[in-house]
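First chain A sits with chain B, and in the next complex the same chain sits with chain C.
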Partner chain A sequence: MKKKVDACGLSCPEPVLRLRRVIDGADEIEVLVDNQVCVENCSRFAQSKGFCVSVKGGSGHYTMTLTKAVNA
Partner chain B sequence: MDTRKLNTFTSCGGCIAKLPQGMLKDAVSNIPHFDNPNLLVGFGTSDDGAVYKLTDNLAMISTLDFFPPMVNDPYLFGKIAATNALSDIYAMGGEVVSALNIVCFPEEEDPAVLGEILRGGAEKVLEAGGVLCGGHSINDKEPKYGLSVTGIVHPDKIMYNNRCKIGDRILLTKPLGVGMVTTSYKAGEATEESYRQALSSMQRLNKYAFEAAKLYRLHSCTDVTGFGFLGHLNEMVAPGYSIHVDAGEVPYIREAERLAAEYLITGGGVKNRTFLQNKVSFQGLSMPMEEILFDPQTSGGLLLSVHPDDAGALLEALRGQEPSCCMVGEVIPREESHIIVTA
Partner chain C sequence: MKQKIGVAIAGLIVGLVAVCLGVFGNPANMALCIACFIRDTAGALGLHQAEAVQYIRPEIIGIVLGAFIIGLLKKDHAPKGGSSPFTRFVLGICVMVGALIFLGCPLRMVLRMAGGDLNAVIGLVGFIGGILTGIVFLNRGFSLKRSYEQPASEGAGLPVVNLLLLVLVIAAPAFVLFSGSGPGSLHAPLLLSLAGGLIVGGAAQRSRLCFIGGVRDAVLFKDFHMLMPFAVILVTVLIGNLITGKFAVGFADQPIAHTEWIWNILGLYLVGFGSVLLGGCPLRQLVLAGSGNSDSGVTVWGFFVGAAICHNFGLASSGAGVTPNGRIAFAICAALVFLIAVFNTKKLSQKQGVSP
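Let's turn to the complex of A and B:
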């Protein structure tokens, strides 16, 4: 199931908390954040939960796409 | 300038609101150089306060610190902000003489709230043995409070932050994790008990720890604030030596380990990691422990570099004031990394 988290305007650890609320059972999550620090923090959290992370954008607008890694 | 954007910069309270270290270094790199033989400590060494020699026997320490609230209670916020600002005087080896209030506060807010902030701050100046003698206030949507503090020190007794000697033991007087605990508590993720530990620690003046430490062969000293344990320890490193840290000895608020494991770390902690990653070598540390060492502290403890033969006695003496105080590291001959951390 695809989910979306808009964490713009929030500072760490709030974006991670928002992400945590939806991450269980999700296959794909789009996360919007507005700074590099949150990109880093959310990426590491998502990777720890078995997601692959790709990031687009820059300077105040980042779109992160988290995809659940398929277990071999 | 877009003020809405400015507000987003300071949405974290306490020393977490500090600008990143790398950005500051760039920003001050182009300002004129002040060459004055009486300026004993200035921008050059990222020390805790500036020191200016007035006479051969007397130097003045100037420092200021202020930040947005990290707690809801205005009286506690005042106490913590003042304790944090006063700390730089002790970290330079001095004593507090006078202080001025720095106040940003929304004019539409209840003046009683401001009154409580100022009362908390003034009580700490009194406890430090200084006099509060004025201040300046600005109308600002986001409250901020702190002090500009003047202290004195004998020029021969200045505690530079980078004069450690090989063999010295490093003591840390307060537990880490305060940044994670206070921000997580705000989000309802940290327990009341951890929060109380953080509050208690942030309100304790470093005066008592320094007064105990100065009776020993203390070579260097700094305090732990926004750049975290490793950021401030890194400022203690000079070209001739590195510092080895035994992470197993580092005191921290227990719950911080769980918070870090759940990635409930602050933006400041992430910035600290980015700035320091090429300077620190981790050997076998768990991810939560690394995060605790990067966690920005508000009104953190002192890092003391003391002669190895005095370290045990000093630790004993400090435990009365600071029960969490631990011997966390040792100054070693220079290695490639500034800091080596083993599990």
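Let's turn to the complex of A and C:
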């Protein structure tokens, strides 16, 4: 099931903490953040948990799609 | 890997700038210190009357403007604010009180360690303890709530103030106070200090350099990459000190430092705890303020007011040690930070911010 984390307006580490709460057992997660730092930090954390990361958007509105890697 | 290399390079740049500024006249083991340099700037503007520590430090101006310029160039300048500004202001004051009890921010702690000052190594214990205390609250749901998009003028606030400070330090009108002796009188040439600040501000903006983030992310997420600049700065400045003959191991007679170990621990405990709640160390707050974050701008004003309070009310330590007022101030500030942590900690419901 696809989960969604809305972390707009929050600064790190809060978005990563919110992501951490849902990442175990998830196959696909959509994360909404509003700055590059959070994109970088969430990406690093997701990749360390075996997720592939794709990012869309810019200028204060980013949608990250995290997908569990097949061989993870 | 790319980010690891990036932060390592940023650490190398900061280390080299620190060595260079030390060689060209900044105080020993204080080539770069956010707390001390904001304190000096506050003194130059007459916010306190401690004659030995008054100078508008171009490094602070450079860091803010460097982050501002790089942020604009890289489209990473985002005016934001509204995340508990008054609470952040109070935390800024408390962090500054802790820093001036220890005599330095986390960056100066590293520089002092690289100079052989073992009091800073002792202080590191308190710094880590403070970060761990903050992490307990982060794990329980601590938040200063979300920020919101702001007009461009709000994000440009602190950079504009620093441009005015640059005009003041160049023009040196009579109402700006400059130390004739003491640490405030020791400084590298203005243009070199400004250039050093610009370079550090730019490098810190791109690499997200943060002394709190290193330990915090290592504990919270087993993400060790931000510890890299900590180590690189330490090694770079250590080598620089060995080459320039400025390395002396010991507790006693260290430059602008005291040997009261318990207060070195407690001072940095307060810095670590408060900075975790703020989301970044004093250097990071300057860089964020330069990148348009007005909440960090308010925090920097908290640093200024904290520095003024420290010197007006006799809270700041000196080489002779901690003052009685400083001990009382520590107790008050530690209680304040603890209360702020408690009152802003609310366990997230399982569904909050998460769907389905």
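Keep in mind that, in the parts below, the second predicted complex is superposed on the first by the 71 of 72 C-alpha atoms of A that agree within 3 Å, B and C clash if a C-alpha of one lies under 4 Å from a C-alpha of the other, contacts with A are read in each partner's own complex, and residues count from 1 in each chain.
Basically, a contact is a pair of C-beta atoms (placed from the backbone, for glycine too) under 8 Å apart; a residue touches a chain by one contact, two chains touch by 3 or more.
Quick caveat: nothing in here was measured; it's all calculated off a predicted structure.
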item	value
Per-residue touch tally on chain A - higher for chain B or for chain C	C
Contact residues common to both interfaces of chain A (with chain B and with chain C)	9-14, 16-17, 20, 34-35, 37, 40-41, 44-45, 48
In the complex with chain C, residue positions of chain A that touch it	1, 3-14, 16-18, 20-22, 34-37, 40-41, 44-45, 48, 58-60
Residues of chain A defined as touching chain B within the complex	9-14, 16-17, 20, 34-35, 37-38, 40-41, 44-45, 48
Footprint of chain A on chain C - complex, ascending	3, 75-76, 78, 80, 83, 138-139, 143, 146-149, 208, 213, 216-217, 220-223, 225, 279, 348, 353-356
List of chain B residues in touch with chain A within their complex	8, 11-12, 180, 183-184, 187, 189, 262-267, 269-271, 274
